[in-house]
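Labels run A, B and C following the written order; every chain starts at residue 1.
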Amino acid sequence: MTNLLDVERLSKRFGSVLANQEISLSVKPGEIVALLGENGAGKSTLVKAVIGLVKPDSGTIRVKGKELPYGDTAGAIARGIGMVHQHFQLVPVMSVTENLILGDEPTKFGLIQMQKARRETAELSKRYGLAIDPDAIIEDLPVGMAQRVEILKALRRDVSLLILDEPTAVLTPQETDELLEVLRNLASKGVGILFITHKLREVMAIADRVVVLRNGKLVGVTSPKESSESQLAQMMVGREVVLHVEKGPGNPTGAALEVRELEVLDDRRLEAVRGISLQVNAGEILGIAGVEGNGQRELVEAICGMRNRRKGKVLVAGKEVPNLKPHEVHAAGVAHIPEDRERHGLVATYSISDNLVLNRFDQEPYAKGWIRDLDAVARNGDELVRRYDIRTPNASAPASSLSGGNKQKTVVARELSQNLPVVVASQPTRGVDVGSEILSLSDRVAVLYGGKIVATFDSKLANRDEIGRLMAGSEGSRS
Amino acid sequence: MKFRLSYFVIISSILLFAYFYSQNSIVTSSVVFTAIPFALPLALAAMVGVMCERTGIVNIGIEGTMLVSAFTAFFLGAILKNITAGLFIGIMTGVLVGLLLSVMTITWKMDQIIAGVIINIMAAGITSFLYRQNFRIPSTFAPIDLPILGDIPVVGPIISDHGPITYLGIIFIFGLWVALYKTPWGLRSRSVGEHPSSADTAGVSVVRLRYLNVTIAGAVGGLAGSYLALEAVGIFERGFTAGKGFTALAIMIFGRWNPLGAFAAALFFGLSQAVTNQLMIDEVVQIPQQFVTMLPYILTILILAISAGKVRPPAAEGIPYEKEKV
Amino acid sequence: MAIMQRVKLQSLSIPLLSLLIAFVVGSILIAMQGSNPLLAYQVLFTKAFGSVEGFATTLAKATPLILSGLAVAICLRAGLFNIGAQGQLISGALASAWAGYSFVGLPFLIHIPLALLFGAFFGSLVALVAGLLKAYRGVHEVITTIMLNSIVIALADYLASTPFKEPDQPITRTPKIEESARIPDIFGLPLGFFIAIAISLAFWWLMRKTTTGFRIETIGRNRSAGWYAGISVKRVIISSMLLGGATAGVAGAVETLSITGRFEPAFNAGLGFDGITVALLARANPLGVIPAAILIGGMRGAASTMQFRAGVAPEIVDLVLALILFFVTAPILLRLLKRKEEGISLSSGWSN
């Protein structure tokens, strides 16, 4: 039987980064292949090359034995490759049906046959057991539903190979289980599945074969039968995996941050945070665990002054911080490492020095009254570059010249160098090569579900599975 | 219940029309009749904006497109002594300007506002440099007496007796509405303007569709310019598009990027000018001419101030598409 | 270091190259019209820069362009495209003319600054409309400023033809300004030129050394980072539009008080629009505006001589300027392409 997909010695370079280096892999009909690797290992680049969204520098891609030209998205689709993207490729303002038919619309006399398309959508969702309203508008759907639309979109085109890029990243454990069931079902119908993930549990549960990437290179092909979870983890990271970060026990000395009965609305003006109260003591790390979209973003934004609080209080070191602008909250003692550093953290064309004073450029000693003290700005820049080991020739280089990790260090340096009583970090390890887990870093973990704290654990006593269940909204046994 | 400003405007316009028609049918008909030539170039120019922005390209160069097309349509029509040839050349000029904008915004990924402004400045520069006096076109396009439709009471005298470009333009506007909402091209265009990577992953070429739409939009801009030179006015003066390309953008926004919405907004605009003119003729009001000149500009600003923030533009508007950043 | 040098060379070479290409294309068009392009350019440049007298004229022509260029440049730095310098300039010109003829008996040390202040105030008033609409209603400044241009032109025409009209004259124009409001020449050069240079230096210093400049620059480069850092986007939008409008108003005032001596609708045509070319040619640098304005002022000043001696329509200058603008901005965006955040980015839809 010919393979559905053969990739041979595929390479792709982005600037100075070799994202893929001579990678080969294959997928057979009915087979589930897991593509495993840390963030930045080159998994997404590889599958985007297969689907034609990235043009590789060298190597061949064959679909059912026939070579596919570089960058030929339409050709890849025509030959039966479907992809479910990590960031949903759905038009938010359009309906489920419109999204499904986009690019391959049923027509009569040049006009779209909307009724027919709607019927087909209903049939398709019934056939694969993925219930969905054909007329629902994408932006009104919850994440799990939107993903169903993504999968249906691929299935509608009679895919023989379905590629999924980190499909479980946004799902609850229960939704994840449902998805894995759907994938098994598809594989049993002969569909080949290439499944990108960095979650070992899913790999063990579903994969027939596992292809492991690290730093753009293929490090091994194995199967769940042949190797254990910790062996896979070691292949992924390239060293013995430390599941606990060395850190001294917290030494709590009274409340640094207190949140009382906080209520916050999200962008759609729906209630996202529903009466949260929490306390973080000085010297303590409180981790917030939750599946995306359960209020953690709104919680952080409301604490840091990026979003209005509808109700409730925030106290820093016992003093109330009213509803303020970000820099005023900062001045009140809350350092913030924002989630979206490209948008909020840095001005790319400014020097590192200027970025390091971005939220205090008008304060002593960086400005005396109306006049900026550029020497003081430069001195501060030099010192922080040294102290926080920001890798750059000098502090006057533009922030855009820094690598992702060093951009993050720049933001961290700015926020931490002032010794403020509270530090709020949103997804601080995003895009940074730290195999960190919320449990190993935190002293306590609060689990958020549906805008409420459903449980708080001492991290030493916490049980991972239980946290997972709580994140998914099932009742916890402790609180 | 949702209050829709557009319904309110339509219904109150009909009621007002009925009232004035009962008072003086001849004058009322003629005012509405003259509203159409005021409205048409604005409506067509707004279609240029709709087509471009629906695929994610901000086109602020409509004014320049109309100006340079009117120029070529008029002068080549005069030199060749053939206004049909002039019309063709005007449309082709629009195509070229559309292509230029496409290259600047899609291939070079220039800032779209700057690209449009440059088109306007280049259009003003080239037309004023090449402008010559004492050229005349043989005639303007003659009005067409619509059979059957023209005999409908009340409505007939208003819609009949306009020139061929007027009818062509109105047919195009309705056709664009159908195309945008009922055909694969429309679905794809709107997807590209809202979320281009979705379209791309579905096998729709973002670049090709944007080129196509911006270029066709250029042709429509050429039609609008030719209309001014060959059907409405019959002459060409330096800078004689007089800001219509910018007013059209306001009309497009007011019409929520919908061809029929924009057409209705343009008719409202045209009507307000026709009414003002009639009031001046009847000496009902004594307004200095300069204030009459100002009216469309003030209306434009007012309309934008009212509708901006309430309307939602195509999400990908103004952003060059980077394929490798999906 | 090498990188810095290359950037500097690049930022100078692109405008120079743009000028060169624009003149070459212009010469083809001149030749197509049956004139000799070399002769035309020779006349143009000899007239503009070849004699002390000619150069003085050039500087006088450059003066309002420096100011209108600054009016566009300062807004560009804040990420705003102020196409409305023309309207702001006319508003300033008319207001200063009114102040120039209405106040009688003032000493020139009071009268001139007062008239300039009138120009600045009324110029900024026009820009304020666009600034407020942008900040509070999200209306794109390009459309509002263009519409305001047309409104101001019509309004000024009305005012000069009715309430402010010179009595007993058939022409639409205001009375002549008092001698005490007239900006004198020093060493054969108009004092206005030095005012313009001083304002350029002030803007350079503002952008480089002050917290206000840093606020404007930050909002221009990354609006959400600026907001996050505690800079009020609304205030920056309004204040930079006010600054731009005031500068354009002063441009009109200086022109009125030193050159034209009264307001007439036909005066000042195109001075604000040339400011766009000046600002983009100078890449929004307050000091770069000076040579850019001198070049364009020289071309404007010598255009009629060129028509007289080489038989080329003076509108060739419009065309060459448009070409310069085209070639100078395309590379801005090549840079945008390579390093995305750099350069000026204005398109973000109509409602934000």
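Here, a contact is a pair of C-beta atoms (placed from the backbone, for glycine too) under 8 Å apart; a residue touches a chain by one contact, two chains touch by 3 or more.
Because the structure is a prediction, the values reported are computed rather than measured.
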item: More contacts between chains, B-C or A-B; value: B-C
item: Most widely separated chain from chain C, with each centre as the mean of CA atoms; value: A
item: Centre distance in Å when chain A and chain C are each reduced to the mean of their C-alpha atoms; value: 48
item: Length of the line joining the C-alpha centres of chain A and chain B, rounded to whole Å; value: 44
item: Rounded Å distance, chain B centre to chain C centre (Cα mean); value: 30
item: Multi-chain contact sites of chain B, meaning residues that touch two or more partners; value: 312, 315
item: Residues of chain A touching chain C in the complex; value: 306, 325-328, 330, 338, 343-350, 354, 358-359, 361-362, 367, 370-372, 374, 400
item: Chain C partner contacts - residues on chain B that touch it in the complex; value: 58, 60, 104, 108-115, 117-118, 121-122, 124-126, 128-129, 131, 242-243, 246-247, 249-250, 253, 288, 290-291, 293-294, 297-298, 300-301, 304-305, 308-309, 311-315, 317-319
item: Of chain A, residues touching chain B in the complex; value: 14, 48, 51, 53-55, 73-74, 77-78, 83, 85, 87, 89-94, 98-99, 101-105, 107, 110-112, 153
item: Residues of chain C touching chain B in the complex; value: 29, 81, 83, 129, 133, 137-140, 142-144, 146-148, 150-151, 154-155, 157-158, 161-162, 273, 276-277, 280, 313, 315-316, 318-323, 325-326, 329-330, 332-334, 336-337, 343-351
item: Contacting residues of chain C [partner chain A, same complex]; value: 209-212, 214, 218, 221-222, 224-230, 339-342
